[in-house]
Structure formats: C-alpha cells, structure tokens
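Two complexes follow with chain A in common, the first pairing it with chain B and the second with chain C.
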Partner chain A sequence: MSAPSRTLATDILEATGINPATCYQCGKCSAGCPMASESDLRPHNVMRLVVQDRREAALSEQSIWLCLTCETCSARCPNACDPARVIDAVREMSIEAEVADMPRNVAAFHRAFLEQIRTNGRLHEMGMVMEYKLRSGDLMKDVINAPGMLSRGKLSFRAERIEGVAEIKRIFEKCGVTP
Partner chain B sequence: MTDVAYYPGCSLHGTSREFDESLRAVAAELGIGLTEIADWSCCGASSGHTTDHLLGVALPARNLALAEAQGFDTVLAPCAACYNRLSAARLAIATEDGLAEQMPDILGHPFANSVDVHNAVELLRDASVTIEEKVAATLAPNPLEGVKLAAYYGCLLVRPFEVCGYDDPEQPTSMDEVIDACGADDVDWDMKVECCGGAFSVSRTASVLRLGRAIIDNARSHGAEAIIVACPLCHSNLDLRQKAMAQRGEEPMPILFVTQMVGLALGLAPVDLGLGRHFVDTEPLIARLVQQAAKRVAAEKLAKEEAAAKAAARAEKQKVGVAAGTSGAEGGEAQ
Partner chain C sequence: MSRIGVFICHCGENIGRTVDCEAVTEALKDHPGVAFTEDYKYMCSDPGQQLVKKAIEDNDLTGVVVAACSPHMHEKTFRRACDQAGLNKYMCEMANIREHCSWIHEDRGEATEKAVDITRTIVEKVKHNQPLESIHIPVTKRALVIGGGIAGIQAALDIADGGHEVVLVEKEASIGGHMSQLSETFPTLDCSQCILTPRMVEAYQHPNIKLHTWSEVEKVDGYIGNFTVKIRKKARSVNEDLCNGCGDCQEACPAKRIPSEFEAGLGNRTAIYVPFPQAVPNIPVLDRQNCTLFKGRRKGLAKDACGKCKEACLKDAIDYDAEDTFIEEEIGAIVVATGFQLYSIGREQPEGLKGYGEYGYGEVPDVIDGLQFERLASASGPTAGAILRPSDGKEPKTVVFVHCVGSRDSEKGISYCSKICCMYNAKHAMLYKHKVHDGRAVAFYMDIRAAGKGYDEFSRRAIEEDGAEYIRGRVSRIFRDGDVVKVWGYDTLSQEQVVIDADMVVLATAMRPQDGVRELAQKLSVSTDEHGFINEAHPKLRPVETNTAGVFVAGACQAPRDIPDAVAMASATGAKVLSLFSADELEREPAVAIVNENTCIGCMNCAKVCAYGAIEQREICTVDGHVCGHVAYVNPGVCQGCGTCQAVCLSKSVELQTFTDEQIFSEINALCYWE
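Entry: the complex of A and B
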C-alpha cells in the first residue's frame, strides 16, 4: 500500500492542527458571515473546496480575501472546525504559491500597513495612506477625510519611530516576510 | 496598587487619541496607575496575521517580551485589535508546538510568556463598584443617569473565545455592567457582536458603510441615544463614516468610547475626555443630558422639599390632634 498522498486538507491539518474533514457543511459559519452577501464563496464553500482537495480553486479564490477575520464563523462552528483559521491558512498558501487573487486595494492596504511597521516600528497613518494611494492607484480618493482628521488632531505629519527598528526588521526577516 | 503596563498601540497615538486621553483621565480618577511600555511597537493588526501566521505572533510577542523585561505581569491593551493580537500571540506561544522555542531567536530577546493581557472594558468592569461609589460621590448631577446606551463589542473583544475568554462571545455583558455602574441604562439590542467591517475601512469602504448602517439602525430602533465602543476601528467606522451612511432625516448617532462615558459620569470635562475630536458632534447630546440631569436634580429637590413640608404639616396636625385627645394612634394605644 502506498503512503497517503498530501492533500490540501492534510497540509492545513499540519499547519494549523485543524482537520477540515470534520466540517459537515451545516452552513452556520456562512449564516453569520458579515461578508457572505458580497462573496462568491462563503466560509462553508471554502471548507468544502479544501476537503475536496481542489487546491488550485481554493488558493486562487478571490473570496478568501474578503474575509474580515471577524471570527464569527469560528465562534459559531458546532464542530470546532475553525473556518477563520483555515481560511487564514489558505491565504498564506495562496501567497506562497503566488496565485493570490487579492483585490488590488486589499493587497495594497496590507502591504502599505506592513511597510510602515517595518520602517518605523509603529503605524504612521499619514504615511500609510500615501503608501496605500501609490500602491492601489486610488490617488484621488479621499480615503480617510484627511482635512477633518487633521483639524481634530487625529493625524500627524511626523512618524513615530521606535529605537528598536532593527529588531522589527529582524522579525520580518526571520518570518520571511517582505512587504 | 502597582502599575499595569500600558500598551496604547498605534491608533491611541493617532486617530483615536481621545481613547488614550479619556483612559488616562479615568484611570487617574479610579487610582489605577498606567506605565507605558518603553519602545513598544505595532502589534501587526489584521495585516500581520493575514499575511503570515508567524509574523502575526512575533510582532505582538515583542511587546509582551518588553513588558516582561520591564518587570510587569499585566499588560493593558485598550484597543480591541491590539488586545486580540497580544492575547492570540500569548495563547499561540503557550499552545503551539515549537513557537515558544522559536521566539527568543526571532525577537532577539529572552521571553518566558509570563504576562497577562487585559482590555479596558475588563479593567472598568472589575472597577465597577469603585465607579458606582465615585459617581455617587460626584457633586455635579450625573448626566448619564437613566440614559439609554447601546454597548457595542464588535469582534475583537470577545472572539475567538479561547483567545479572549473574559466574556461570553455571543451575549457579552461586561460593557453593559460598566454602563450600569455609570447610572445609565444598557439597551437590549441585536448587533452587540456584529462586525463593523474592521480593516476594510480604507480598502472596501462600501462594505463598511453597509455593515455600519445596520449596526446604527438597530441601536436606534432599540432606543439608544449613543453607542458605546472600546475599539478604535469600530469607532472610526461608525463615527467617521456615519455621514456617508446616514439616510435622509436621521439624527446623527454619537459614538463614545467606554472611557469617555465613565469620565462623563465621574463629572470630568468633555474637553479632557477628547469628546471634541469626533466627527459626529457629541456637544448637542452632552448639552441635552446635562440639562436633563439638572432638571431632574431640581425636580428631586423640589419633591423632597414638598415631602418634608407635607410631613411637617402632618406632624403639626397630629400634635394638634394629640392635644385634643382625638388621635387614632392615641385611641389604639388606649385599647
């Protein structure tokens, strides 16, 4: 008898300790999902793709990037399948396999956010917005009502930079992440 | 009381500085010492853990390690997102194979994962008896007495339960307890733990408007005069974005941080609680509540005076009756 082959489900089990095969498709996760109405595939559909070992379809699915990580699905799963963690793992594999169909805006936001942290140690909101605009191409969109924020003392032109920036760079390197 | 390590996080130094201001003001009133963790860094928020699991653990862990090295056993993370990431990192390092061993190398520091993480609602709930006493001892009339407020927890304060665990993930009550301690009336409503759209504020604003409108409509239909939050993301999604989600003719719904609410009940000045920094003007609400409270106190005083006058008149009558020997009490005693 040959050794059992690797499947998407076993890869996820290995990475997260969660066995997606225990999902019995009750749909409770999707019933509570705040993004269900905007997503082609809802949480229980993604769980199904994983169990069916449809790796390519799962990893290149745009819906996984519409997850807000609100964890409602995992809180309500009657069989502790933790769809939020499974979807998190699918996203990671999707980036690794370079097949991520991340909406440009969402990708730009995450990258802009992480780039701020890597260079300053803290998020500089003004810098992040500039970076986001460049990366997303949304140059003219007033994404956060900057004048209103400024007049309320909520935005600053100067970034706060921590002393241990080198430690943050080390963390990114050790985790193999380049924004 | 020893100080707790205070992890403000990026939002409380930026777009939600009123959360920081009101927390510091209220903590000082309640005798809780806060020491900011020296050289703290960003927890990575959603962007960290949706990009890489290990990064999502290591970025918050750096701050737990700093607090530990600086001699603390408890970290206060008022921002719900930071609280969640710090708690999730603590749990992951304690339970996932190999993470604890990897951390010192990734962080470049020794790390024993010995620090507890608390959020601001937890802190205030645990201080609710003190809050009640202080509110009762405040000279100015309490503007929040009997005011209907909706406690909005959102996601990150209560989910996942294994990470947060300080309150029920579906029917939490901690913030309602703080509302009650302030003399206000917690509203029973349906959207306590629904998501506001979180990190999509910038990248998918339309989703945030859809979710935020549902939350505000539900609070309003259950009679809430304001929504109380403990998360900078919830606050900006409901406050900053409210103009875009308002339907015709609706009154704006003020969104207050839980610490601002406690500060108002304790008689602190709105300006010291950063209440002027919101997009939905809080001034009309506060002016109305202060006026209501003054009226109520005046009415109570008048009622008390009237009752005292009535009692005096009754006593006077009785005295006259006793003198005349026709009092019922007198007759009763005689039998």
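Entry: the complex of A and C
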C-alpha cells in the first residue's frame, strides 16, 4: 500500500486545513461574487479545478487575481469550503511556482501596499496612492477626488510610522520580499 | 309513501357562501315525499346530528338526505346517527352540494339552483332505497407470505409474533433474498449477513411459521378472510425430513463448474447445491438442468450416467424420482413480497426494454453490475472480500462507477429512478477505497439522490473523506482498449469531455420487478403498473394495500425500495394483517351486486368482465334434482361494488345494491322533471 499521491487538493488541505472535496458545486459562492461579471472563472470554477487536480490551469489563471477577498463566498458557502481562503492559497502557490498571470495594475496595487507596510509599518494612504500611480503608470485616474478627500482628512501628506519599523523591514528581508 | 327528511348543511361558509341554503330548504319543503326540512350551520357537529336523530323520531322518517359534503367525508357519520335513531342506515344518503357545487361555482343564484337539483335527485333515489344489512364474513386467521426476502421475513415474523400462523413461500432454495448477497449495507456499513441471518433462523424456527422453500404459488381462490391457496412444491430431489445438511452430496457431485446464481456468476457451484453456507433451510436442491444424471436421462441413456450424490448420502435422502407436489392452505390474508431483479444491461432484453450495447456488458469481462461488485466486496464472496477484477484477477487501480444504468432512461424502457443506486454506488466507492488505498474511484452521476436518514451525509462522506471523484454526466461508451477499459463521459460541471482509462467498471443497474410477477398478480387479482410493479390501493393513504381486499404488498415488488423501506412496509403489512385477524368476522357494506336467478340466462358475460373474480357459475336444479340450467352467482365477500357486471348484463339480471337501475333512473328523471 502506497501513500496517497500529492494533489493540488491535498496541498490546499495541508496549507489551509480546508478539504476542497467538500465543495458540491452548488454555485452559491459565484452567485454572490461581486467580481463574477469580471472574471472568466468564478469561485466554484476554481474549486472545481482544485478538486480535479488541474494545477497548471488553476495556478496560471488570471481570474484568481481579480478576487477582492471580500469573502462573501466564504460567508455564504453551505458546506464551509471557504473559497476565498482556497483562492488565496492558490495565489500563494502561483507566485511560488512563478506562473502567476497577474494583471499589471493588480500587481502594482499589491506591491504598492507592501511597500507602504515595509516603510511605515502601516498603511499610509497618500503614499499608497502615489506608489500605485507610479507603478501602474495610471497617473490621472481618480485625481479629481483628491481635493475632497484631503479636505475631509481621508488623505494626509504626513505618514504615521509605527515604532518598530526597523523590525518590520527585517521581517521583509528575512522573507526575501522586495515589493 | 315515503317520509323523507332533508337536512341542508352550510358547512360554515364553505357551502353557505355560494349556495343560499335557506332557499334550498324552502325549495325542498314541498317536494313530493319530503316530510321534514331543516338547514344548519354545521350538520356534522354533535348538535347537527342530534337534529337529524330528533327529526327521525319526531316525524317517523323513512329516509334521510343530508345535503352537505362528499359521502367520503361524512356518510359514515350520518348513517351512524340514523342507526342510533332506529332508521336503517342504508336509508340515509348524502347529496354533495360542496365539492360538486359550492366549491366550483361562483354565481350564487346558479349554484343555489344546482344545489336544489342535486338534492332533489338524491331524494328521488332514497325513495327507492331498501333497508339493507351489512355483510358479515368469517376470517381464517392464517396468513400467506409470498417471497422470503427481508420484506417477507419481516412480515412473517411480525404476524407470527402476533400469535397467528404464517405460511411463507419462497421460490428459491433458501430464504434471505437479495439482502443475503450484499456485502455491507448503507448508511451504516453493517455487514448484511450479520444482521440478516438471525432473522432467517428466527423465521425458520418460529413455531407459527410454516416455511416452503423451492415452492411457488400455483393458484389462489376465494376472497378476504377466506382464500384457498394451492402451492407447488417443486421437486427438490432431496427429502427435507431426512437430510441433515452435512454437504457430502455437494462434495461428491462431479459437475462443479456451474455459474452460481448467488455469486452473480462470479463463482461456481455444483449441480446439487446449497446456495450459500448460511442458507435456511440448510438443505440442498438438485439442479436437474445441469445434473449429469438428468442430462443422461434426457438423452435417453438406458443406464443412469451418475448417482454419486445418492451414493455419498448417508441418510438416503436423495430421490431422483421426486416430482412436484401440491399442497393446499386455507388463508385469511396474503402479503406479496416478491422483491426485485436487476435490469440486465446487455443486448438481450425482455419485451418493452432495450439494452446498452454501448456499455460492453457481457463482452468486456471487467464491466460488472452492482450485485457482482457486492459479491467481490463480500467476505464470503468468490474473492474472500478482495477487490479483484474478473478478467485476470488483478487488483483494479481505477474503478469507474456509473449511476443510472437503465434507470431514468425512457429510451431503454425504464423512466423511473431506482432509488437505491446513488447510495450503493457511494457505498461501493467507499468500500473500494477502504480496500485499495491507492486506488481511484470515479463515479459518473446525473443527480445524487440521497434522501433518507443519514443518506446524504453518507454519500458526501464517500467524496469528502474517502476521496471518490464524482463527475456529473452520463457515460456515452465503454469499451476495451488493450488492458484497460475506456470510459467516455462528459463532465457537465467543467463542460468538457472526459476519458478514463479504467481497470474495472461497475454499472449501477435499475431495479425491476421479478419475472413472473404479472402472472402472480393475475392469480391474486391485483393490478400492476406499466413496469410490472404491483399497484398499491392509494399512493399516499393506502400504501401497503392492493385493490383486492385481503392482499397486501411489501418491499421492492411495489416500487424500488431499499432495506429500511422494505422492512417498514413489511411491518405495516404485519399490522394490517393483525388488525384484520383481530375480529372473528368482517363487516362490509352491502354495496355488492346480486343476481336475479329468475331472469339470468347464464351467459356469464358478467364473470368475464369482473376484475375481482367475484362471479361464478351455479347450477339450477329441478325439484327432483336434475340440473336444468346455469346462472351467475356473485360472491359478496369478493365483490367490490364497481358495477361493471351490471353494465354488461344482457338480461338486466344483475344489480348493484345501493345503485340499482331504478335508483339511477329516478335520479335522472328528477333532473329532467323538475325545472
């Protein structure tokens, strides 16, 4: 008797504690997904790919990067499959396997976010916006909202740093992450 | 002259809303023969019934008409009230002004007119009613159970435990039925034989149960409480009284390679055999078709070609010259529990069905059916419980399970869902994964129908815990390709074609009624549906009764049933039989046909059309005893009061009591006469 072979589903189970086989393809996750109209694959399609052990297709799928992690799918799942967590785990594997097909602005957004954390230890909204605009090249989008947000204190020029920024930087270095 | 009381019920608002009940009362007041009229809010209530009783006594009424709901609803109520007031209860009739009038009309004026008409017709009918007496028939407190599977065994035990004798007839050599062939049972994975064999032994040893195996019902006469059943005891060629079940005859038998029915063809048996080690009774039968001696006799050899079993038998129990014998049993109630057989998949099919040539069953040895998989998975089976494929005895590493083979396929002749396949497929996938840990179990399904206590959890367990892969879609083709069995399917969830290289394929085939059920149903005067399942009297309210009084139905001969269903039905028939046996006599309404012997010409048309076999021919003798003619006689115990005989009688000699021609014509006349 040999041990059961490694599959995408067993990897997900190991990483998240979620058994993707619990998905019975009812589609309730996709029915409530705010990104459903934007994505080629909806949450239940991703679950299906995982169950079928279609690693390549799942990991290189662009749709997984459109997930907002709003977790509506997970909140509504009748069988506790947690599709949002599974999609997140697939994204991690996708980056590790270096097959991630991240749309440019999505990648820019993630990197801008991480850079803010690395330099400030927390999110600085104005920094985040600037960083994103520089990385994505989409300089003028939504700029019209800026005065209003500034006057209402939603954006500020001054970044608030936490005390242990040096430690945060060390964490990033240790993990080998350079946003 | 009739003195009829007419009582009009408002039924709260049910009738009163659409029918002007006071107007109906007024209209009937002056109708000829009506001596009393009254309307009331709820006639069926206690004060309403008191009103009827008082009116009968005060007005010396000769008949009662209650214009209210359907007779199904309250005829009994008002007839009882009349009986209590001293009026023959069959002088009371219902005029249905609710279901037939107020509920289906909107216009108050027209509905009121119609209610008057309906009530008038019934008044005219009651004028011709005769005081009748209920029919009393004696009851033989002895039951016949046909079929010794789990349903038959359960029914027999329940009736026997209730203190009445049971005759249990089984056509095979042992009781136990299909359940004895199963490995483990869903949803608990109990070992099937472990829970069944104690029941089999209990039935065998029960002082109230008389067991006839290798026997069939030949003929059934009579009616509820009074059946006479002729049973054919097929020639066993082994004397049941002498045999001690030692098995020496089987050892000695030279014909050892006959496919075993019990092992679903995956194992062999001898010509003289006990179907399985736990058989009850543990007495062999001689299969004459495959016996060397009988083959020789059929060829006309002068000398017997064998005789080894007889030589080996120390009890001298073997009798090659035994013939079928017949016994007659007096029976009061019959339980039919003849069970099912599996749809046979291959190209050869009985009339009305088509086979699956595309699935390769019978051509590819590693394509098997569910019952064959049960035998593979059974510890007492041909592989001692190891999952090994039939072609080369290797352990299959990929097994495909196909749902709905035959079932839900109108094109092949079976439109129904066989109900148990989703569950046993999940069980098979589970058992396979428990035995072959690195194996792959793939199931093709259309829907998973797992309605039952713990059922859905069970089928989900097969997927979530045991890792069975479920693919939604039917299989298009199964064929052999070298060492593998190719399965072509479609995954409707992923919307793509799927090809699986399987080592073995298990087809979950449809459940069908046993062969010969139609003939048996004819003997019992019960009806069958288009597929040959026995019809129940009412799909909801009388699920274990048939349309013949005294004949009950349990288990998979009525529709596809799993074990819990079959046992529940069997116990229900047990309760029905015991309640029938609780009285010494049966009381029946006198709504039966009677023959006027003076006018009957003995054509017997009535007997030909009678669906219940209630009509027989009787001789008419002269004063000095010579037979001078024949007339029809309706047995009141069997007659169900349908009136078909009345419709076909050429000489108008047979009439249904309570629905005579005179009564019906009076009703029609009433409609025509009063405007």
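Note that the second predicted complex is superposed on the first by the 167 of 179 C-alpha atoms of A that agree within 3 Å, B and C clash if a C-alpha of one lies under 4 Å from a C-alpha of the other, contacts with A are read in each partner's own complex, and residues count from 1 in each chain.
Just so we're on the same page, a contact is a pair of C-beta atoms (placed from the backbone, for glycine too) under 8 Å apart; a residue touches a chain by one contact, two chains touch by 3 or more.
This one's a predicted model, so the numbers in the text were calculated from it and none came from an experiment.
Trainee: Mind telling me which of the two, chain B or chain C, contacts the most residues of chain A?
Mentor: Comparing chain B with chain C, the partner touching more chain A residues is B.
Trainee: Once chain A of both complexes is superposed, is A:24 in touch with chain B (first), chain C (second), both, or neither?
Mentor: Second partner only, chain C.
Trainee: Who does A:14 touch here: chain B (first), chain C (second), both, or neither?
Mentor: neither
Trainee: Is A:101 contacted by the first partner chain B, the second partner chain C, both or neither?
Mentor: Touch status of A:101: no partner.
Trainee: After lining up the shared chain so the two structures overlap, which partner does A:52 touch, if you call chain B first and chain C second: first, second, both or neither?
Mentor: In the superposition, A:52 touches chain C alone.
Trainee: For A:168 in the superposed arrangement: first (chain B), second (chain C), both or neither?
Mentor: In the superposed model, A:168 contacts chain B only, not chain C.
Trainee: Report, in rising order, the residues of chain A that make contact with chain B in one complex and with chain C in the other.
Mentor: Chain A residues touching both partners: none found.
Trainee: For the complex, which residues does chain C have touching chain A?
Mentor: These residues of chain C touch chain A: 437-438, 460, 463-464, 467, 469, 472, 493-494.
Trainee: Give every residue of chain A touching chain C within the complex, in rising order.
Mentor: Chain A reaches chain C through residues 1-5, 19, 21-22, 24-25, 48, 51-52.
Trainee: Which stretch or stretches of chain A touch chain B in the complex?
Mentor: Going by the criterion above, the answer is residues 15, 17, 34-35, 38, 66-72, 74-76, 82, 84, 88-89, 91-92, 95, 103, 105-106, 108-110, 113-114, 116-117, 121-125, 129, 132, 136, 143-145, 148-149, 152-156, 160, 162-164, 167-168, 170-172, 174-177.
Trainee: Please name which positions on chain B make contact with chain A in the complex.
Mentor: Chain B residues touching chain A: 10-11, 13-17, 39-42, 44-55, 58-59, 62, 96, 105-109, 155, 159-161, 169-170, 193-195, 197-205, 207, 211, 240, 276-279.
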